[in-house]
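Read from first to last, the chains carry the letters A, B, C and D; within each, the first residue is number 1.
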Amino acid sequence: MCGLSVTLKYFFNPKRIVTEQYPENRKTLKMHERYRGRLQMIEDAEGNNHCTACGMCERACPNASINVLPTKNIAGKKVLGRYVYHYASCTQCGLCVEACPFGAIRMAQDFEVATTDVNTLEMILNKKEGQG
Amino acid sequence: MGIINFAPKILDPIPGGKYVVNAIDYVVNWARANSIWPLTYGTSCCAIEMMSSSMARYDIARFGSEVFRSSPRQADLFILAGTITRRMAPAIQMLWEQIPGPKYVIAMGACTISGGPFIYDNYSVVRGAQNLIPVDVFVPGCPPRPEALFHGLLTLRDKILKETCRNPWHEGEPRDVSTMDRYREAANTWAALERMKDEEMAEARAKFKEENPDYKSSFKPVRIKKEEFPEVERIPCKRFGLTQAELFNKLRAKFPNVTVHTHSEDPIEDVVAQMPADRPLEVMVTPEDYLPIVEFVKNDAEFKMDYLIEVTAIDYDDHFDMVTQLRSMDHGHKIFLCLQLKKDFSIEEDKRATSILATAPSISHLYPAAEFKEREVYDMFGIGFDGHPDLRRIFLDKDFVGFPLRKDFTHPEMIRRPV
Amino acid sequence: MSQLPPGFRITRETNTEEFFINMGPQHPSTHGALRLALRMEGETIIELVPHFGYIHRGIEKQAESMSYLQYIALSDRQDYLTAIQNNLGVVIALEKGMNIGVPEKQEYIRVMLQELGRIASHLVFFGCFGGDLGGQTCLLFGFKEREMIHDILEEVTGSRLTTNYFRPGGSRFDVPDTFIPRVKAFVDHLEGAMSDYERFLSKNIIVLDRSVGIGILSKEDAIAYGCSGPVLRASGVNFDVRRANPYSIYDQMDFEVPVAYNGDCYDRYKVRIAEIHESMKILRQCIDKFPKEGAWRAKEKPVRLPVGRYYSEIETAKGLYATYVVAATTGEKPYRIHTRGPSFPHIAALNKMVQGHKISDLVTILATLDPVIPEIDR
Amino acid sequence: MFVPSITNPVGDFVRELVPQLAAFLPASLQSDTLNSIVAFLVNALICVIAVCIVNIGSAPILIYMERKVCAHVQCRLGPMRLGWHGTIQTIADVLKMLFKEVYAPSGADKLMFYLAPLIVLIAPFIVCALIPFGRNLVVADVSMGIPLIIAVNGFGVLGILLGGWSSNNKYSLLGALRSGAQMISYEISFAMILLFVVMISGSTNLMSITLGQEGTIFDWWIFKVPVLGIIAFILFFISSTAEMNRAPFDIAEAEQELTGGYHTEYNGTPFAMFYLAEYIALVTNSSLAVTCFLGGFYAPCIGISFIDQYLNMVPGVIWFFAKVFFMIWCYMMVRWTFVRPRVDQLMDFEWKFLLPVNLVLLVAGAAFIAISG
């Protein structure tokens, strides 16, 4: 019978409601700083990145979700050509960010990522070729 | 379903009928899009996030979807939460078939979209739910937050609202993406592109080199400074019960054949005495000695190994090491019995992968716990057990070919890790 | 019955009709993809055969081609209710191999996160136990407080469930400044909430009827079947790895190991609830003693293990979690990693417990064993 | 003869209107007999529509209420996004269920399978027709009201048994068997308590049972018979919960054990009917409790004329429904608080506790009447 007192107490106490109303609270909802969403390349205003195509992140990834595809620039130097990220298989463990020696990538904070087309989960993260 | 799909046929010819059809569309879609009852289904981590989303903090009830039906016949939505294994796949297909239409599927988490953490070197995970059933919405993440699931739900809602009875819901078809290796695909395509680019650019590069013979890149990658941390001495954990040396000597007095595995030249006693306190004593025993030793350490008052931690095995080129890990509840000491089983190479080479290569005596009459553990060893390594009451495969299907934890195991569905 | 399906062993003479029921792999109360084949006479269970493998993901095979660090990420997915504890189990084995120590502050972080994980898992147990008995409200109460732990974990580690936090010699990040106040606030809140919840369930006459004397596991059976954790302790064995083989700084902590002696469902429930209180006690001690200064990790070294076999055991919320690492070559990849999950022996002992009980009792017993199926199947 | 007697203005109005309308017809068709038959049929139609509206109309409200109550017990919000605070959520649910695909599982007995939900619906509809909602608002003022309710209530179990049996599913069958055993057992104590009410009120007519409670709340049967009334009310509450298969006595559905019990294999509209029947049973049982114990449509006067004056200004039918919703709220709070007993414990509780207590109650009631005259 004590149980009923607990439920009654909770029923008549609207302050105890802990629900967050997600689509309505979009503006105020903020992830923690360390929250691991999808992978993102750190770029400056012109779209330059710090990636040197060393492939450390590729090797650190537990299930090969990152393709670092290098190319040669006009001087024949190896630079980043395309940074392909398979979001479909990414487990967001953060090992790539930990492994990157140059701080070129980070985990983004966004989580509204549902899609009806699985092919949109193949992402190319860099806007520009790597510098070098 | 059914009747309303005929509405356009009947009503469209009548003047003004179009508006009636549109009105029906609106009402039906509104009802369908706003009352999505999911099926109670979950296999692993994502299921916990799915449960969290229906709990007080996130409360899926706000969307009217808190009615988790355990019977597929009353559900509308199949949230695929958690890894799908080949063994589970038929059950999932059956569940999907049992949901009355219109039915929708949300693939939640990396495992159900593509296999997630289990894509490479894996023999048992289905790479993506699209192989089994048509999927409407994909929610990536491992596991996705409840908010991400809600976003998936809203995406699904938008999708349902686009249906009309002129373009009604219909059962989709599963697509075969099981052998898709996105990493190699991307790498190969890129390699081809690179070759083309090399050819195109050859001239320009040569020219550039001529013009700027001492070109130096202005780009200097900056290494992140890592914080410096002090070296810390390791403090070994405390030991309880007899020391390794005591255990070993007592065991050796009874069974002179036991040894420990070592590479050094020192006498065995010294090797044992030098062991760190928190490393359990691991003794090598011969197959003949195995059962008597287990019986002895279980019943002897000084050893009293009454608790079986684990039975497992390791596959080497020519032998298996079967490790029986025992512990004494009263004294607190542990002893690992490492049983070397030579592989039976008299079996023809092409049949070796699928046949039992070694046999060990079963200890399930001494430790009931060993029954399931030995089944696991049998299932994974193909080691037979004499005197086991119920030796069947435990994790894999009974018609599975091969023993996965052997080093030479191959499986047609297994993709090697590219990196 | 001339031919019994595989696994069934009891032979008996009967005049009534026996029938077989399949529970699972998709059933609301099997806690995941577990299939139980039941041999029944009316509503009474004669025999039960568990069928595993519906979520067998080949983690051990995969681990052989992964580096140790990547395996830590994979270990999250075994006992996903307390992923943070699995991380520690693996990391301790690696530390033994690498022979590196851990600074004091990190030890406190570890113990605190371990206990938070334990509380989180036991709260899920509390919810599922009530939920499986038919009180849906319980399920939500359990999860409500768990969300606060998730929040703390997310702030510290970056993820709610799959934490991937500990590293040999330390952890991925230092804890933020808000960590200690938040844990303090949480423990204070939980104190009040738990008293409500215990009032809600512990003395309820229907709960007592449903769980006292149901699914008795004797002390001898519990040891013989290799049970561990709260299931073993509810059968009267005072065994807790934190005491029997202390790791981290548990030997400096003052806490009691709750033990009950009947081995029935209610005792298992009671032991877990008592453990929540003990965990809160440990958390309070940690909050008081938490060192403000000092390094939070040891010098970073490449994770390479010398040849050898390394074994570690820790006490997770479910019981004894042991990691056995075999390094055949010095390098960053293991030759083989084996994990001993605590839930596996519990399900093995299930047949012993349910015989002669009703199908409703099976649900109760399964709930109090608190199994996590991916940890069994791996 | 069983005559639906609408003694309220609507019935009288119809009876007056029909002869007036008949005057426009050719003289050869005019006769008093025909007029009364037509008036009877029109009245009957009005009654049927009224019952349907009360029953079917209350179901979505109740489902919405249940979802909100359970949400607030569990510290959450419940349906929020459809309409103001999710008010039209259940309408969307009902519409969706009507447009779902309907099929019977292979191996099912099709006729029985589709018949079962209809049978389940019948019982609460008939009971609803007997309840006096207001002083003049009763569809069938039957003199043998209570025995009829007891008889009709036994009908519901038939549908559940049929549904479980015809589904060709072991879980359904187990659920149906559990439900059969449970409902038949609790029928007995349910009837016993109604008999207690009959005994102290001296009538089997529901209207006269209500009329016997006129006055202040201390004239209600729950308080009029000291202690015994309250005990009887609690016993009625328990046995009617079990009778309705509602949690905590929902062992027939037992989602955690039997995935859904007898309606595991039902989908679409037939499932909606089971769902509907459950909630209509809730209304009728609450109405019965209100009629038999809580003074029916009388205002809860407390004996102070100043307050009573205002209370009496509110029409009886509103008081009635207010009490019904209070009862339903009680049922809901109990549902979301307690856990489910095991099937044999439930039977033990009925046969070893509830029934003996009921018998003692009957004897004590008789003694009370004998003493107090």
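One rule holds in what follows: contacts are C-beta pairs under 8 Å (C-beta built on N, C-alpha and C of every residue); 3 or more make two chains touch, one makes a residue touch a chain.
It should be emphasised that the depicted structure is a prediction, and the values quoted were computed from it without experimental measurement.
Asks: Work out which chains are contact partners of both chain A and chain B.
Replies: Common contact partners of chain A and chain B, which must touch each of the two, are C, D.
Asks: Shared touching chains for chain A and chain C?
Replies: B, D
Asks: Which chains are joined by the largest number of contacting C-beta pairs?
Replies: B-C
Asks: Among the chains, which has its CA centre at the largest distance from chain D's?
Replies: Between chain D and every other chain, the largest centroid distance is to A.
Asks: Would you mind pulling out the distance in Å between where the CA atoms of chain A average out and where those of chain D do?
Replies: Whole-Å distance between the two chain centres: 55.
Asks: Cα centroid separation between chain C and chain D, in whole Å?
Replies: Chain centres of chain C and chain D, defined by C-alpha means, are spaced 46 Å apart.
Asks: Express in whole angstrom the distance between the two chain centres, defined as the mean CA positions of chain B and chain C.
Replies: The answer is 18 Å.
Asks: Could you state the distance in Å from the CA-based centre of chain B to that of chain D?
Replies: 51
Asks: Which positions in chain C touch two or more other chains at once?
Replies: As it turns out, chain C has residues touching two or more other chains at 27-28, 66, 73-74, 76, 137, 140, 144, 147, 162, 200-201, 204.
Asks: Residue numbers in chain B touching 2 or more other chains?
Replies: Counting only residues that touch two or more other chains, chain B contributes 55-57, 59, 62, 70, 117-118, 120, 142, 145, 417.
Asks: By residue number and range, which residues of chain A touch two or more other chains?
Replies: 3, 6-7, 17-19, 21, 61-62, 91-93
Asks: Once you draw an edge for every pair of touching chains, what topology comes out, line, ring, star, complete or other?
Replies: complete
Asks: Which of the residues in chain B come into contact with chain C in the complex?
Replies: 40-45, 47-49, 51-52, 55-57, 70, 82-83, 85, 87-88, 91, 95, 117-118, 120-125, 142-143, 145, 226, 228-235, 237-238, 240, 263, 276, 278-280, 282, 306-310, 312, 314-316, 323, 325, 329, 332, 336, 367-369, 371-373, 380, 389-390, 392-397, 404-405, 407, 409, 417
Asks: Can you name the residues of chain A that touch chain B in the complex?
Replies: It is residues 17-23, 29, 38, 50, 52, 58-59, 61-65, 67, 69, 71-72, 74-77, 81-82, 84, 86-93, 100-103, 111-118, 121-122, 131-132 of chain A that touch chain B.
Asks: Residue numbers of chain C touching chain D in their complex, please.
Replies: 19, 21, 27-29, 43, 130-138, 140-141, 144, 200-201, 204, 206-207, 209-210, 358-361, 363
Asks: Please name which positions on chain A make contact with chain D in the complex.
Replies: Against chain D, chain A makes touches at 3-4, 6-8, 10-11, 14, 16-19, 21.
Asks: What part of chain C is in contact with chain B in the complex they form?
Replies: Where chain C meets chain B, its residues are 6-7, 9, 25-28, 32-33, 52-62, 64-66, 73-74, 76-77, 80-81, 95-96, 99-103, 124, 139-140, 143-144, 146-147, 150, 160-162, 169-170, 221, 223-226, 237, 239, 244-247, 251, 295, 297-300, 307, 309-311, 313, 320, 322, 324, 326, 328, 335-336, 338, 340, 344-345, 348-349, 373-374, 377.
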